[in-house]
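Dumping the structure here so I can ask a few things about it.
Note that the chains are named A, B, C and D in the order they appear, and that numbering of residues resets to 1 at the start of each chain.
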Amino acid sequence: MIQLGDRALLKSEDGREYLVEITHRRFSTQHGFVELGDLVGSPYGTEVKSHLGKRFFVFSPTVEELVRHTKRQTQIIYPKEIGYLVTKLGISSGMTVVECGTGSGGLSTALAWFLRPDGRLITYEAREEFAELAGKNLAKAGLSHLVTIKVRDVVEDGFDEVEEADAVVLDMRTPWDLLPHAFKAMKGGAPLGVLVPTTNQVSETLRALKELPFASIEVCELMLRNWKPVADRLRPDDRMVAHTGFLVFARKVVRGEKRDDEPC
Amino acid sequence: MIQLGDRALLKSEDGREYLVEITHRRFSTQHGFVELGDLVGSPYGTEVKSHLGKRFFVFSPTVEELVRHTKRQTQIIYPKEIGYLVTKLGISSGMTVVECGTGSGGLSTALAWFLRPDGRLITYEAREEFAELAGKNLAKAGLSHLVTIKVRDVVEDGFDEVEEADAVVLDMRTPWDLLPHAFKAMKGGAPLGVLVPTTNQVSETLRALKELPFASIEVCELMLRNWKPVADRLRPDDRMVAHTGFLVFARKVVRGEKRDDEPC
Amino acid sequence: MIQLGDRALLKSEDGREYLVEITHRRFSTQHGFVELGDLVGSPYGTEVKSHLGKRFFVFSPTVEELVRHTKRQTQIIYPKEIGYLVTKLGISSGMTVVECGTGSGGLSTALAWFLRPDGRLITYEAREEFAELAGKNLAKAGLSHLVTIKVRDVVEDGFDEVEEADAVVLDMRTPWDLLPHAFKAMKGGAPLGVLVPTTNQVSETLRALKELPFASIEVCELMLRNWKPVADRLRPDDRMVAHTGFLVFARKVVRGEKRDDEPC
Amino acid sequence: MIQLGDRALLKSEDGREYLVEITHRRFSTQHGFVELGDLVGSPYGTEVKSHLGKRFFVFSPTVEELVRHTKRQTQIIYPKEIGYLVTKLGISSGMTVVECGTGSGGLSTALAWFLRPDGRLITYEAREEFAELAGKNLAKAGLSHLVTIKVRDVVEDGFDEVEEADAVVLDMRTPWDLLPHAFKAMKGGAPLGVLVPTTNQVSETLRALKELPFASIEVCELMLRNWKPVADRLRPDDRMVAHTGFLVFARKVVRGEKRDDEPC
């Protein structure tokens, strides 16, 4: 049932989307006004028409839609990377996850979603303005209670957490600078996930990973191709996103004593 | 801390993996025996050597590893599809999800993982033998308490759930036969996810979707390319999985009255 | 050496391209005028500046550039498909190739290029206006002497060639309608190449191929991903072409007598 | 018409291929003997049965098949890269092409094919044994008359050709070492094509290209996905080649005088 204060996705038949708060106001779209207040009490999935007669559907937003509608001043994180990341890191309720950097909070939103109801995300961001933006985005998504945002230059000052993190996610320009801090914050065996756009960054990250007791090191990339949903003329879209980033994964190894040979 | 009864992933330096239960027994690998009982009380991430001196790491399995090690008699579901599916459907704690068919329980394992601690998965399977296998796999993964497996031919008899499902997932040969049942089981606005391997099945599913009040219909496919994790000779693997399946998504629309024109 | 009458590619430093004829005239670009006549007698590869001081390079166009600059009223054929097609069909000097339909002549240009100096292309087009456009494009590319354009509805009237074609290429909406005609035109063992954008067309073509003595049937698609050519921040472009078409290949089989079982 | 001495492709219904010379001998396959001499005088495309009753087709090999059946001691060059390369470089009759290194002669075979009847390929190889193998492969393909193989360490001694090459192709471990030599060998405006497997090599090549007057620098990769040719269950193959190499292209720029700023 749609209620006042709900965050809802308004989607037109031709695919335009608006992430809105349900209030007693008219919401202006490219296809005319929609009276949001009239929706209260209707079930989600309801069709509504703008004053110009254009049909809209009202949906309760999925995490994919929340992330896609995050207000951004930083680079994009895509649902395909998010999905693979939470699956590879095994994000789930009850976990403690450490992230750096927060950026606009898109990835934080996804992590917090999958940590519900009782996990926690500690996310570090060097720039105050991004931390603020991310805070707003997380509040809008109704996920603030799961997230602590810390404004800090982690390269300099490290993470507060010591062997507490069930997973660490690095989404920043120089993740290699942070690997010793990440290692310290991680529980034994915990997975690390790193996102970087260039192959040079992948190489640099791999070099730094070899300097520490990390094992199970993997690099991959995901390509998503949308198809036109037309039964009798089925074919892929004309264009697609060619690249968002490379994902690097590793697992923290715990050793009794110092060794001179390194793990795979 | 590794404990008796834990399900753990034993991973050799050269990448061989064994999903084991921690008991007081010697576990036989291709690289010699490992005394699992000796691991009790050590932290996860610990290195252990087989009696032949081969190094292994002990990890707490992520959902990706659990699914990959599901005992299978049916087709494979891959982490890349799982990740995208749970993200697009917004699977999270507290939800009710309906799935058909269960198969070996690989996808059920993933869904249950993300439904923790208090969601529920009702999964339908026509063949008794698969239901049993899936039950065992879910038990091993420690996720049985979240899942109800129902042995039934859903095409004939439909789902028990009526407007209860926050999401429906169809992973079967003829999903189009089930769309009216799925529609009935779904809450208003709820997302539907369908996995099929062939383009003919995509076309058939799209035709059936147009017969019902579904909107926001999408088709896509994901390609995962692993790279060799070598900093100075960075390049993709020689070979990759070319195809697992197509994903079809849609959203249930709720209408006041009958209409003769269909949604997008 | 650049000569009067040459067809040349003018390329600005920022990647804008103009396919021009070298004459004594000033050529207008987005970055100012270039005096084309001044280039006569200079070697190809020469740098030239527009009257606004913008640098341009003058190249002798490759087949890829000629095809890319074909004036089009029809669908695009991309160099990636062209390259694979001429390699799979083994196009080379001295061959006789039959094509249908001509369209704007992009693919005809490529085929004629690789047939030089003494092969011949017979290309059929149902619509007079396309045949004219293709004729102009082939003339501009200096390849007209290798090509015969026939304006005809081949579905109705068939090809003139009988067991003459070393290869047949079908780039049209309903290639299945033409397969008996194509079969008749082909030499024994000759390869057939078909381009179609949708999976439904691929299925239809496969069904029709099975009705005739074709063997070695293959279906494939090619994806080209461009990378940003920046040594220290090496990464793929943000976006790419997701799909141009599927390629279907087959080989004509010659049989002594009628058989009731079909080839692979 | 199949003739004695022809090089022919014997292909079984289940896709096994044998590149054979037509002689009066019985040829042994996994499916029994085929009497090759009996084929003389039959048209290409003819069906023939082994003594075990297995059906084979006899085809005149395309360049794709010749290259695929090159005897190799070195890395593979795939038809998808070959096709794109010859299209981007505009290889055609009458040209002079310089290649380094020859390797097993797979790429040389393809280049020579498209240079027929009157182009020439000068190909350099440092190791005598590869030069010999390539010589044999080119002879078998009937293309020797177009190719000069030179055994030389080009890094040390350079190419003999001076501003003669219409195109240069580098398929070797350290192409950057050769760029000054390649530049010298090229005609003004001529295209350069480089194949390398790793991103580190791409970066190194890009750095070296910037040191010389090269323009129009591009990097790309091609992915080929085969589909199962089954009309009613149309879908991609399960597995595919994930990577063969990156392609780097550039064009030689000719300058009147020394400049201190570099081209794009």
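Throughout what follows, a contact is a pair of C-beta atoms (placed from the backbone, for glycine too) under 8 Å apart; a residue touches a chain by one contact, two chains touch by 3 or more.
These numbers come from a predicted model, not from an experiment.
Common partners of chain A and chain D, by the touch rule above, are B, C.
By number of C-beta pairs in contact, C-D leads when B-D and C-D are compared.
Distance between chain C and chain D, defined via averaged C-alpha coordinates, is recorded as 20 Å. Inter-chain spacing, taken between the CA centroids of chain B and chain D, is 43 Å. Chain contacts: chain C has residues 199-200, 203, 225-226, 232, 234 touching two or more partner chains. Remark: chain D residues 11, 13-15, 42-47, 55, 57-65, 79-80, 82-90, 92-94, 110, 113-114, 116-118, 187-191, 199, 202-204, 206-207, 210, 215-232, 234, 246, 248, 251-256, 263-264 touch chain C in the complex. The residues of chain C lying in touch with chain B in their complex are 199-200, 203.
Taken in their complex, chain B has these residues touching chain D: 197-200, 225-226, 232-243.
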